[in-house]
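The two complexes that follow have chain A in common; it is paired with chain B in the first and with chain C in the second.
Coming up: the complex of A and B.
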């Protein structure tokens, strides 16, 4: 088994609008895959299907060889799939460390606190252990959300725009820590409009347009694919296609 | 695949960390240890009053303590979980009716009925929870209000529970009114401490964090693997147990229960009022709110009726009118309640 996630013929419609239309791709075990596409191409819906927020109309999602399409988020977390959001969704009224304990509250144990402290240290937030999340900067909230997704030792982390709207220095921390976790075996699927960042980070890129996968493979190959360029801009090189 | 295995912060990370530290807003708030100490002082001051104070004051304090118990229970789901509901009276009524029925049918004393009263409320809460906890926000609140009227109608039409006439509940006959006042003061006092300790433990547990996560962003909590319906149900059940136990004691204290009083919308609204004014999602909120709301209500009830205002005699319901205005003021301007004025980071704002 070489893939941690295999997606086949995924379809999801909302009323008369088909958001995901037969998407198929794979996330290799221990890989970092970028998911790109113009606005409205179905990226976030795909992420929502992969972690159980939405159930697909048809198609298959295999996680570690097991069919998981339509299963609940809770079941997918158990199967090893966690995620972050485009706008960091930390719980503002509780502290940084309490945020990290949320994903593991159904399996009590003192060791979780130690693990949470290690993860805060991992992203340089140790000094904010007991700071309410509302008092963290936007970049820190992104980092907090990232390590919260690591609390359950996931096999794959789905990240929605991890680099959007953060300071370049925080972006560097995020990038370094993703690579570090990846070196330990965690796979990532990263949705981003920051194509230069993705090409530096990812082993492969999947490009969606109008709900379907139009290109996938090596980052340089995908970003120079004429279909990708056309989908993104209608003209010109893909590298200029970062329009948010 | 590119890798970056550095463990020590790089210069850019140091910049990020420095910016991060600088961005933290320092809030001046009272140290956390002050609040448990304040609660302990409140209970220590109250302790001798059951024996020393006049019967009128003991009765008022007993009512306040009753509200502390029920409000602490309500606050678990309503305050921490953000599920505003008007169903508190259902659990109080269930406990009260279970106690009254056991007393009426088998002559059980108050002590023996507390647990069965709690269990009755728990059973009712499980049924209600499964039916309603997939609803969100206002739908849930409205549904619980409807269920309060439904419970009232069912009990009113159940002859075994006394129908519309209700049931008398007999306390030990050997006690005089002063002794009965003391008995129920200390019973409510003990239960109020228990409820407050339960709320404190919940606030500082994973369960409490989960409830606050649900209150703030339920879909995100679900995505993180939180079994939100299960967590909400547990909060409802635990709160109902406290409400049911309080209801059992209340039935004996009042000596007589009937459907309109036991499943009273007034109780349901007062509990919301207590928590909003004291502070939603804080274990100290219901304690403070009960003293303010019930104390104020008693004072207004005694002083206002009959007062002459520009030639008009104030009606008996004026106290409710004033409490309504206070609720509006808190909902608009003091949304985190009294506790929110003292503590910046805890507590949840009421949504208006």
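Coming up: the complex of A and C.
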């Protein structure tokens, strides 16, 4: 099997507004897929559906070949899907290492502490091991959240805007660590508006507009696709005139 | 008024405050972590007190040995209430949850009255029913024992919440249950345990109350007000602050009682609370954010 996640015909509406409208795409095993699209295109809703925050109205989400649509976040973590957020959601009142150990609460063992320490070192936060997360900078919190998502050795990590609002040096650390983990077999789905970063990082890109996938494939191919350009830039003067 | 009277009142206040800390910690835990206003907290205190009375005075069992069985039974009851009620109401608004817990309060109070009537009960504590003389002051042994056990339990809870991984997870759950779920914590299971622990602590409060005071099934509203007073004063910060808030309330109550008639004590206490909240709305914690 070549895909770790297969999404087919995903639909999610809120009242009269359809946020995701029949989206279909795949994340190859060990791949890095970028998910782009203008604001309101349904990217974050898609992430929320993929990690169980929301249940789809219809459609299929297969993780490693098993149907997981509508399953809880906890069940999806167990299935190997973890997540980071646009604004890092660390547990601010507890220390960095405690943040990493919480995901493995239900499977105690001393080796977890060693693993958490290795992960902190992985992103340069060893000296902040016992620092409350609230005292870390925004970028450090993003790195902490990133390695927290790696604690359970996920098959795929969903990342929402990992490069937004962070110092270029943090961005570079994040990019390098994503590539290192990917080389070890972890797949990534990365939502970002920073398309140059994505094209350097991703093996393929999926572009959404108005809840649907309008293009997918090779980054160079997708970013030059007229439908993608139109989705980002809007209709030309003639088009705007037509809509009145 | 001589200094001995003041020292005696202060000692009484500390011992009483220890009991108040025990009365409040269950409420603080459930409210702080799960955001559930457990209106039935006080009836659980009284129910546990009556059960303790039944075991110790009714059946003549050992007063110290009976603490754990009552608390353990309450824990099991908490597991059942969470599964049957609190979990079902997890996504309901606060007023619905409060009404449901008020219903639980009425049911439990009715059962308590059916079993034990409305008579005032006093636990006969046998070998604990002595008085300790310490220089100019004398204190009942039962109050000393109850206060010491409470301090031990609250300090133990403090270390559990701050020094163990499960404690960290509970603090994480308190901060953001949705994220706790997204990082893989079985939030339902952990919430159930926290809820059951809160009920068990309420029962513990009932036991220490029964060890130190006479009580009856219908006066639990008074203890609910007292528990809220301690929780509000201490903030939803920690077990230690709950203990300190309990001690402050106890000492104020007994010290004020020296100078003014007893019936005005509540007025003074709630007046102090109102002023404290105006000046420092987050309670003793001084924190804008809960840490349990």
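A few points about this structure:
To be clear about the criterion, the second predicted complex is superposed on the first by the 234 of 244 C-alpha atoms of A that agree within 3 Å, B and C clash if a C-alpha of one lies under 4 Å from a C-alpha of the other, contacts with A are read in each partner's own complex, and residues count from 1 in each chain.
Definition applied: a contact is a pair of C-beta atoms (placed from the backbone, for glycine too) under 8 Å apart; a residue touches a chain by one contact, two chains touch by 3 or more.
This one's a predicted model, so the numbers in the text were calculated from it and none came from an experiment.
Superposition note: with chain A as the common reference, chain B and chain C are in steric clash. Of the two partner chains placed by the overlay, neither chain B nor chain C lies in contact with A:222. Note on chain A: of its two partners chain C and chain B, the one contacting more of its residues is B. By the document's definition of touching, both partners, chain B and chain C, reach A:51.
With both structures placed on the common chain, the touch criterion links A:208 to neither chain B nor chain C. When both complexes are overlaid on chain A, the residue A:169 reaches chain B alone and has no touch with chain C.
In the superposed model, A:33 makes contact with neither chain B nor chain C. By the touch criterion defined above, A:180 lies against chain B but remains apart from chain C after alignment on the C-alpha atoms of chain A.
In the overlay built on the shared chain, the residue A:140 is in contact with chain B alone; chain C does not reach it. 51-53, 72-74, 77-78, 82-83, 89, 91-94, 98, 101-106, 108, 148-149, 152 are the residues of chain A that lie in the contact sets of both chain B and chain C, per the superposition on chain A.
In the complex of the two chains, the chain C residues touching chain A come out as 165-166, 168-169, 171-172, 175-176, 178-187, 190, 289, 291.
Residues of chain A that touch chain B in their complex: 31-32, 51-53, 72-74, 77-78, 82-83, 85, 89, 91-94, 98, 101-106, 108, 124-125, 127-128, 131-132, 134-137, 139-140, 148-149, 152, 167-170, 172-173, 175-176, 179-180, 182-183, 200-201, 203.
Against chain A, in their complex, chain B makes its touches with residues 1-6, 9-10, 12-13, 15-17, 19-21, 23-25, 27, 206-207, 209-210, 212-213, 215-217, 219-227, 281, 345-348. Every residue of chain A that touches chain C in the complex is listed here, in rising order: 51-53, 72-74, 77-78, 82-83, 89, 91-95, 98-99, 101-106, 108, 148-149, 152.
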